[in-house]
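Handing you a structure now.
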Amino acid sequence: METVKRKLIDENGLRVDGRRPDELRPIKMKVGLLANADGSAYIEQGKSKIIVAVYGPREVHPKHIGLPDRAIIRCRYHMAPFSTTERKSPAPSRREIELSKIIREALEPVIFSEYYPRSMIDIFIEVLQSDGGTRCAGITAASLALADAGIPLKDLVAACAVGKVDGQLVVDLNDEEDKEGEADMPLAYIPAFNAASLLQMDGQLTEEEFFKALEMGKKACLKIYEMQKQALKERYLKIKESVEAGEENQEA
Amino acid sequence: METVKRKLIDENGLRVDGRRPDELRPIKMKVGLLANADGSAYIEQGKSKIIVAVYGPREVHPKHIGLPDRAIIRCRYHMAPFSTTERKSPAPSRREIELSKIIREALEPVIFSEYYPRSMIDIFIEVLQSDGGTRCAGITAASLALADAGIPLKDLVAACAVGKVDGQLVVDLNDEEDKEGEADMPLAYIPAFNAASLLQMDGQLTEEEFFKALEMGKKACLKIYEMQKQALKERYLKIKESVEAGEENQEA
Amino acid sequence: METVKRKLIDENGLRVDGRRPDELRPIKMKVGLLANADGSAYIEQGKSKIIVAVYGPREVHPKHIGLPDRAIIRCRYHMAPFSTTERKSPAPSRREIELSKIIREALEPVIFSEYYPRSMIDIFIEVLQSDGGTRCAGITAASLALADAGIPLKDLVAACAVGKVDGQLVVDLNDEEDKEGEADMPLAYIPAFNAASLLQMDGQLTEEEFFKALEMGKKACLKIYEMQKQALKERYLKIKESVEAGEENQEA
Amino acid sequence: MSITPQTEPLAKIKSKQIRELLKTGKRIDGRELDAYRPITIETGVIGKAEGSATVSLGNTKVLVGIKVETGSPYSDTPNTGVLTVNAELLPLAHAIFEPGPPDENSIELARVVDRGIRESKAVDLEKLIIVPGKLAYVVFVDIYILNHDGNLVDASALAAIAALMNTKIPKIVVGEDGEPKKTEEFKPLPIQDCPIPVTIAKIGGSLLVDPVLEEENMASAKITITITKNGNICAIQKSGPGTFTLDEIVEAEKTARRKAEEIREKILSSAGG
Amino acid sequence: MSITPQTEPLAKIKSKQIRELLKTGKRIDGRELDAYRPITIETGVIGKAEGSATVSLGNTKVLVGIKVETGSPYSDTPNTGVLTVNAELLPLAHAIFEPGPPDENSIELARVVDRGIRESKAVDLEKLIIVPGKLAYVVFVDIYILNHDGNLVDASALAAIAALMNTKIPKIVVGEDGEPKKTEEFKPLPIQDCPIPVTIAKIGGSLLVDPVLEEENMASAKITITITKNGNICAIQKSGPGTFTLDEIVEAEKTARRKAEEIREKILSSAGG
Amino acid sequence: MSITPQTEPLAKIKSKQIRELLKTGKRIDGRELDAYRPITIETGVIGKAEGSATVSLGNTKVLVGIKVETGSPYSDTPNTGVLTVNAELLPLAHAIFEPGPPDENSIELARVVDRGIRESKAVDLEKLIIVPGKLAYVVFVDIYILNHDGNLVDASALAAIAALMNTKIPKIVVGEDGEPKKTEEFKPLPIQDCPIPVTIAKIGGSLLVDPVLEEENMASAKITITITKNGNICAIQKSGPGTFTLDEIVEAEKTARRKAEEIREKILSSAGG
């Protein structure tokens, strides 16, 4: 069987969805949309749609898993059965189990866990629609949800993948680029530390490409970081408005 | 493939097993047949055969699931692998999990749980042969087993299904009527409260049919209630005899 | 389909691998090869290869499974996925669950469990290559690992199967003899008690054969017992050497 | 095994307040006893799913996605397609939900929603057979609870029926060689009915529709009655450790019938939109 | 992983009493060391099962149901039918049994019963093949423990063989088109042997058959020896944390042989009845 | 769900000592920061497996066995064979490992090893198809951890590639009737690359390769970089709750590249031997 592979970069150097190599997909972020969660956020990055809730810090249950010197972080990355082209079984796959760990470790460095001994902070990431880059978008949104929960953070974590398609490095791969491309490198970046809290790669990159990919990844993350700050600002303005409205009402 | 549906009500208004619409199947009840259980009962309703054991009130294990103000009730409805036409896997099915909950909630209203804080009462219902109406027969027998265990009850719970077959309302459906009929409505009734502690329905009923079905169900339950009282009386007479026989032996 | 069964005993009375009926397969034992375990042993019996680690006595976790008057023994018999001709799923099979119990019960009689109340002793048996007789070889090696862990023992347990192939009783069956033979009788023997701590049988034996098989099994176990003592002696000599070497170094 | 749950303690003062208000026919959020919270319905929210809908009932928020695949029909119903309902009480949705396999509550929820759809014959399963006995459409209805503030059954069932009405399935043609082939064309799921569930809780002697979580936690029992478009009852589920008198059941049925009518209009207009 | 179990503490006084009696060759219920409790066998108790039997050994009560279906033979035995034994220690039967998947005790029980049936060739599996390599009868033996008062192995194995002897399977005819078809006719399972297990417990220096639960809890070890109709041993299982001397094993074997003969007659007459 | 693990408390004094030494560029076992422990590789240790190898990295000891069977290719890759990597953290190997289904650590381990093999195309999966869309070789790589003293990833990945290079698979011929038949001949697995993983841990500001367990427990993070024979990076995994600055990542990559070259020679010579 012969399959003619579609070109992923056209003659103008544009990608399948018309983007330049260093161009992010359209991104929408919303903070604080779930009523019960202590913090929540929603992100749309291209066609990927992810919702995140944070509960905590709250009492650990069962008690013996608590730590005497800091909060434990519990993290679940989970895909809805209807988020993918073929229905995904709701039971956690090996991939989801690995990503839950890797994402937890990407977020722990910014959390002041030591403020909350014997407590736990829960981060629930639900991928409602998957179109590539969901672990990164999940981290981006989880940072917002943590901030929304009022948990003291050293900085926000911004995440984005860099990849290689048709021999060219590009940022923020969509599903087709991820599957058909030659490499995929998800990166979570913490500006305050100039450091990566998540870094994975599969595919093949030369050393030179790798160093360039790191730089491109950092820049992409910094753009996302600005959007995160903007999203939080909007959330605070909204809260402020409603509080002031409440005060006015009380005064009235 | 064409299937000619068998008529479920004949020209004389009789059902596939010759019963009138409001006629129960032959019912046998026996109380106190298992040596280890604190209480037990066995019921045959048509070809359905069910055995129930009650253990408790006993210490809760693990302790943290206990309640400070009353006993917890644990209830399992389970079908033997050989109880059905096709072998049933012994692992609990979604149906069995739902019925275990619904049956627990049908029995809780009559138990003086508040007499036994931090304790538990276990109700184990095993369907040995299934021919329709097993959740209702299970509740009927479980009431007897609870009484046999000496657990103080506000009343007995009597249960029976009402259904619609060939357009006609009938009580106590057998398996064929349940599967081929147009509606099935299991009802658990507590005479002392004139109230239902279980009510489910599937199929379709008009409002008028529904109200009539409720009345028929109540009457059927009251007949079963009389049989329950009779079964308990026999049990007590037997215990009394054996106690008196024991006393005579001691005197002799 | 016709299958011509290969003869398992040839005209000279020798078995498929050239052994006499009462001849063991070549056996290699090594004690103390795993760095982390408190005790360990490795056995090769024919092509069967088994490694055993012992941890303990150590604190029981969770605490409530501890016993007030003695240590609990935990035992796992497990086959590597690559140990068999067809890959074995890593999840424990019903056979492995039964053997774990039976092996635990074969070892418990020689352990001074009462010396270590509220503690546990763990025995992990991994079959790396399976060619018949693995439960027996596992017990043989586990005894060595227990001794290596410094756990006080009443005696060593030596184990070996006796079987019937082509109408003749033979010891220490290999896989082919086990599968094609007429009976298999694994025996674990404790010389100090002249007693069996494991005895199973499947296939068919007459009473006379059974009594003879018991005797042959005892003799085979006694040979293995001598090898066990030799293996322990070598281990102690090696430890002694290294200790003395250490002392000399210190003196020097 | 089903075990008496540990219900969250509702502050006594709040509980008393709810009870007092109810005596005067009022509820904590100002609703009438027979009033639903505002219902909002949005369909087509997940493009990768063959159908989808979000339903909000006040703060209760449910997302349903429909996936349609092909597979074998059940051996005892060789001439009909397959419909499966699954519910997940996501830990996102409330502090008491823990990750893990479905528990009795999510199984009951899924089965009550399933019963409403199945018994009303809302989806014409006979049209979902491709090759009798061999190949059928398999419709997965996945209920995703995003925020739990009571009455998950009604919110889930409404989202499910809205999502089903929103579903498009690929046309499959059986070629001359007998091999089924997916085409590029899509067609709507064959929908025949629009069953509406109405859940009524009992607190003290009062019956109230669409309970919020605080009310649910205090209620001795709940009953869900599902009504078809021609006014038949197609599913009932009494739930919770208490009872309903027969009179209360009759009253509940009448309320359910009335409310179902109102809600169905809302669903149909939003599905048409 | 197998873990030393927490055995129920037997009241010291009772335990001492049992031990004292044993020294005089007596047991708490008055039996001789080699006497079984009364055995009652009833077959055909579950009409929906292809075969069934209840066996009571004193207060120990076991129900076995046999279901027969058709399925693929195992790839390494393409010419024989399939036999599967499963045991459930129902929570009905004793306060220490909890609901859940089979634990090591129920698995051991099932496997010991299985071994007796399989190794005696009680069921002629070669007659249970329908289409070699393709289709075979699959026989499920489900052991249901209803009341546990010791010696579950013997009660279960007796109920299993009685139920198998009671089993009727539908005749299946392979048509000219090679398609197998169930007929309305039934035939008995092909039974060739009647293996009888005898379980002997060791308390102190005494060997006693058919232990009640109180004896079992005190016993250092048990041994089950299963005997075929022509007097061969076809299965042995030593169980429990103690040992048997080789002399004790010889003694146990002789007892088992003697008791098996007696019990087999009982089984055969009840099966014939 | 992933939960912050309870790390074993390292004696404070030991921890301080390790840290002090590192400031002077030294490690507790005397190694340079970029030195591996002695590596020993033995292949063909399990005759029943189609391939096998043990690798020791100091006291860390891993056994990998390869089983090759035939089965269906995945429906989305009908023209390639199947490769599956599984890892078991045996309770043999360390006091903290408990028996049970794979946890997140063993799953991550297996997936990191899998990625290195898959992305380097070390096994030419396209040569492992027998009948396109129907029948393929299925290669199981089972990682068995026998003793855990840190850096399981490198030891496992080296054992895996050594075992794969050692694997012989039965030749299968598709007859004229289209039926595949196993022959008595064996051929080596088609190996195209030899990916080498290098794991680097970060303690304080120091980067050190091949950490022992005590170092791992103190490390804030680890990174594994896998290098193909022509010097490409084919897999990366950062692990652990800390971070690497971008400069540290660049440094780690250079170290990894250098060490991978050295180790590959060792592997290739031992495989050739």
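To keep things simple, chains are lettered A, B, C, D, E and F as they appear, and every chain counts its residues starting from 1.
The definition used in the following text is that a residue touches a chain if its C-beta (ideal position, glycine included) is under 8 Å from a C-beta of that chain, and two chains touch if they have at least 3 such contacts.
Given the structure is predicted, the values throughout are model-derived calculations rather than measurements.
Keeping to the contact definition above, tell me which chains border both chain A and chain F.
For chain A paired with chain F, there are no chains in contact with each.
In the touch network of chains, how many steps separate chain B from chain C on the shortest route?
Each step joins two touching chains, and the minimum needed here is 2.
What is the chain whose Cα centre is as far as it gets from that of chain F?
The most distant chain relative to chain F turns out to be B.
Measure off the straight-line distance from the CA centroid of chain A to the CA centroid of chain B, and report it in whole Å.
52
Quick one: chain B and chain D, Cα centre-to-centre, how many Å?
Once rounded, the distance between the two centres reads 28 Å.
Please compute the C-alpha centroid of chain B, do the same for chain E, then give the distance between them in whole Å.
31
Can you list the chain B residues in contact with two or more other chains?
If we look for residues of chain B contacting two or more partner chains, we find 76.
By the touch rule stated above, which residues of chain D touch at least two different other chains?
Each of 1, 99 in chain D touches at least two other chains.
Touch graph across the chains, line, ring, star, complete or other?
Shape of the chain contacts: a ring, since each chain touches exactly two and the loop closes.
Just walk me round the ring: chain A, then chain D, then whatever comes after, in order.
Chains encountered around the ring, chain A first and chain D next: A, D, B, E, C, F.
Show me the residue ranges of chain A that touch chain F in the complex, using the header's touch definition.
Against chain F, the touching part of chain A is residues 1, 65, 67, 71-76, 94-95, 97-98, 100-105, 108-109, 113, 185, 190, 193-207, 210-211, 214, 218.
What does chain E use to touch chain C in their complex?
1-4, 6, 78-79, 102, 104-105, 107-108, 110-111, 115, 118-120, 132, 221, 223, 228, 231-246, 248-250, 253, 257
List the residues on chain D that touch chain A in their complex, please.
Against chain A, chain D makes touches at 46-49, 52, 59, 61, 63, 65-67, 69, 86, 88, 90-95, 99, 101, 140, 142, 144, 146-149.
Provide the residue numbers of chain B that touch chain E in the complex, in ascending order.
34-37, 40, 47, 49, 51-53, 55, 58, 76, 78, 80-87, 90-91, 122, 124, 126, 128-131
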